[in-house]
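Pasting the structures here.
After this come two complexes, each holding subunit A, first together with subunit B and then together with subunit C.
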Partner chain A sequence: MTSSLQHAFRSHSSTAPAVVATQLIKHFGELEVLKGISLEVPEGTVTSIIGASGSGKSTLLRCMNLLERPDRGELAIADEAIRFDRNPQGDIIGLDRRQLQRLRAKVTMVFQQFNLWPHLTVLGNVIEAPMRVKKLSRKQATALGEHYLERVGMADRRDAYPAFLSGGQQQRVAIARALAMEPRLLLFDEPTSALDPERVNEVLGVIRGLADEGRTMLLVTHEMHFAREVSDQLVYLDQGHIACSGTPKDVFEDPRCRQFMAPAA
Partner chain B sequence: MTSMTPEGLIDWAGPILNGALTTVQIAVLAYAIGLLLGLLGAGAKLSPWAPLRGLATVYSTLVRAVPELLLILLLYYAGAQALDALLGYLGMAGAVQITGFATAVGVLAFVQGAYMTEVFRGAIMAIPRGQLEAASAFGFSRWARFHRIVLPGMLPNALPGMSNLWLILIKDTALISVIGFNELFFTIQQAAASSRAYFLFYAAAGVIYLLMTLSSTALFTRLERYVRRGQPTEA
Partner chain C sequence: MDFSWLSDPFYLSYLWEGFVNTLWLLLVSAVGGLLLAVLVALARLRGPRPLAWLVWAFTTVMRGTPLLVQLFFFYYGVGRLMEGVPGIQETFMWPLLRDPFFFAALTFILSVGAYSGEVIRGAMKSVPRGEREAGRAFGLSGFQVLTRLWLPRAIQLCLPTLTGEMILLLKSIPLVSTIALMDLLQAANIIRDETFLVYEPLLLIAGIYLATTVVLTVVLRFVELNFPGMQPTQRRWLPIR
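Showing the complex of A and B:
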């Protein structure tokens, strides 16, 4: 069934959504963090997940590259139905490691805390995954890396080590690192939450530029105004449920949604 | 003989240098194997698989809890007997010299590995989780993650402990003299006893050990500067 599904995806690759999540459920111990989330991210669009702390938005995002393994539900990402191992009750108990590595080369992530590798230079950080995971030569990877460092305005610091950069600069390098894999889908996990206020805009500017290029992105953010501006789709999460979703206009004009967002907005 | 031809350092220079060389060889080999055992031990201790964790815990706890001198004697006699039996069985008895060197290396490596296990375990746990998560999130294989991220990430934390263990190891090679193997300390004891110039030879031994440890400390300092290249020095 997976092969026919993959085939169906491939033959409609221009219209197939980058993500189709169906009824995702995730527990941490007794706590149910995601209570049946269904979500589609169309190719070439930006979706922002917003909501209060603890609403499950980071967990949902982390399910998209399987840093978190959902306990139940279906997931198709970048043309592939994820093959979960399930017990007879249908609970997810395992993953296909090969598929996982393939998936993660196509879905890359920008973290709240940047998570650059401190022993590698800026360029070293950006070319590491293309070399180790996509098996590009150093020359090919460096060309890619320089291109994307240029794109985020960090080309002049290519030989610096991350610890010598500001938070905003580190996050821009982290974005270049995610771009250098030329992914189908970019995930952003609160990319500006760890930044000094005066550094937020340089990072948001880069993300806005990527949205304008038509990249497929899924964003978790507290920056409501930014989310409203760049997103094609807003998803408001409340205690593990999707409380509201739609275009930013729909969500912000719907009185019921506004009520939800009142404390946050 | 007592007063007519006192034996001096010159007479013993050759054997002493040979002994020093043997000591260095034992130490380097034992250290290399100890590093490997330590990595395996730390890997096992951090493994999600309980039997493996248990095995590593027994190893590092037991070895670190028993005096090394005792371990050397125990492993020497048990190890030599086992090896003799094996060689006899294969009809190759008589490789005594090799057995002594191998035992010295084997025992010291076994002890080093136990201490190294704890040094590496702590150093790996001190790597910020996000750095490892980033490697996983980009689809690194386990091997790529280990040798490109975990290893260079833990070395700054591990090197001070590793350098400590190296110094201890050089000095522990002297314990090997109890099994009558011709390393530096054993040779010095022979020289001192035969010439009765105890102070002279033991002082010479002290100087040689000091030279070995000082030069290796300089090496470790450079190594540490290299693995910390990405870290700002304290202003």
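Showing the complex of A and C:
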């Protein structure tokens, strides 16, 4: 596919956003980490969250599949509003676990530390959730798993255990694991930050390929140049606020944004 | 050294019965105890606070009192107490409540549950948090995360320690000779009393314990080495450098 075709494909496939967050607030004890963040990831687009350490990027990302539960705000995943339990003041105090499990199957995550399951083989890691959560047969899940391992170039290591793989290989398996659920949205939490410098590119290459396919992705990254290249939308987070957002071109050309990013870039 | 008594079929049948009882007790206590241990670990890590406290008290008592005292407590204390419950002698439970094997197994299950429960709790705590988080992030239920991801990893981490616990259990079993249960030591005592030979029967059963320990160690080492995901550097049969 040429890039103009991809853009046509993307704009046509843009229906409802994969995720819509409205006025998210999150505290850790006294510390307010997210101070009312609203964010939308349109279908078929890539959004990158950038910002200094401690700006709340990872927390924001982890709110999108509710690994962190926000204290206030609204969240809709794949056109479905999360049913939060709230106290009379409107603070979130709980949620519907069944709905959560169902929606988490549609929003999968790639972690900074890979978080592969060491007692399962590469293929075992990839087919676990499709089998247990989507209730696919082992045969179906294996076919799917092999397809996505092929996609990330790890098919020949399907029977290896994670401990026998390099960091870059582990992260590619983790990406295949996230893809095998065929999610509406892929979350990446600093996917290259735990890698040796020479391994970063093999992982970025895979992610770039996914962006070119028109997958919907939300990533937290320190790789500014990469974020600028692959993203349709950039969100710059500063101390729990969105300091600026827009297309990469907008953000990088806006003098006010540039000023924010100067220390990071 | 006089081992001529070994040709006596009566003594051999005592020894055989004692050996079989020992192995049964080991198996029942190990399986029951380890199941209890998982529950103990879970209650302390994830249970509601009152339950966690209760289980803490249980482990403290079981680990803080001698096993022999516990055995007497259950067999003579609880066992005799049950005798006085009206009508209990007519229930199906009664044969069980008179059986020293039942009280021995109960005591050992509780003991293994307490000791190994703490071992498993520690191992569960040392499984990296991210592995469980990844399970949750992919929509696995809490129960699936526990049974598919958390427990297998925890057991992998503490298997060598659990092997040690099982060996200790095997060698606690002679205590049951004090509550009239035919085990290896009981058999040796009978032989001693009747033949006036002290060392020979003891040497024999010591040898049987040693051989059983070696077999147990080898079996559990096999499980350990074949645990999925082992690193190649750890694949050594004898855990010696």
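Please note the rule applied: the second predicted complex is superposed on the first by the 251 of 265 C-alpha atoms of A that agree within 3 Å, B and C clash if a C-alpha of one lies under 4 Å from a C-alpha of the other, contacts with A are read in each partner's own complex, and residues count from 1 in each chain.
The working rule: a contact is a pair of C-beta atoms (placed from the backbone, for glycine too) under 8 Å apart; a residue touches a chain by one contact, two chains touch by 3 or more.
These numbers were taken from a predicted model, which means no experiment stands behind them.
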Subunit A as common anchor, with subunit B and subunit C clashing or fitting: clash
Which of subunit B and subunit C A:Arg104 touches, first, second, both or neither: both
First, second, both or neither for A:Asn115, with subunit B first and subunit C second: both
Touching partner for A:Thr22 - first (subunit B), second (subunit C), both, neither: neither
Subunit B and subunit C contact sites that coincide on subunit A, given as residue numbers: 65, 67, 101-105, 108-109, 111, 113, 115-121, 128-129, 132-133, 161-164, 177, 181
Interface residues, subunit A side, partner subunit B - complex: 65, 67, 100-105, 108-109, 111, 113-121, 128-129, 132-133, 161-164, 177, 181
Subunit C - residues contacting subunit A, complex: 128, 130-131, 133-141, 144, 148-149, 152-153, 156, 227-232
Contacting residues of subunit A [partner subunit C, same complex]: 65, 67, 101-105, 108-109, 111, 113, 115-121, 128-129, 132-133, 161-164, 177, 181
Complex contact set, residues of subunit B against subunit A: 128, 130-131, 133-141, 144, 148-149, 152-153, 227, 229-232
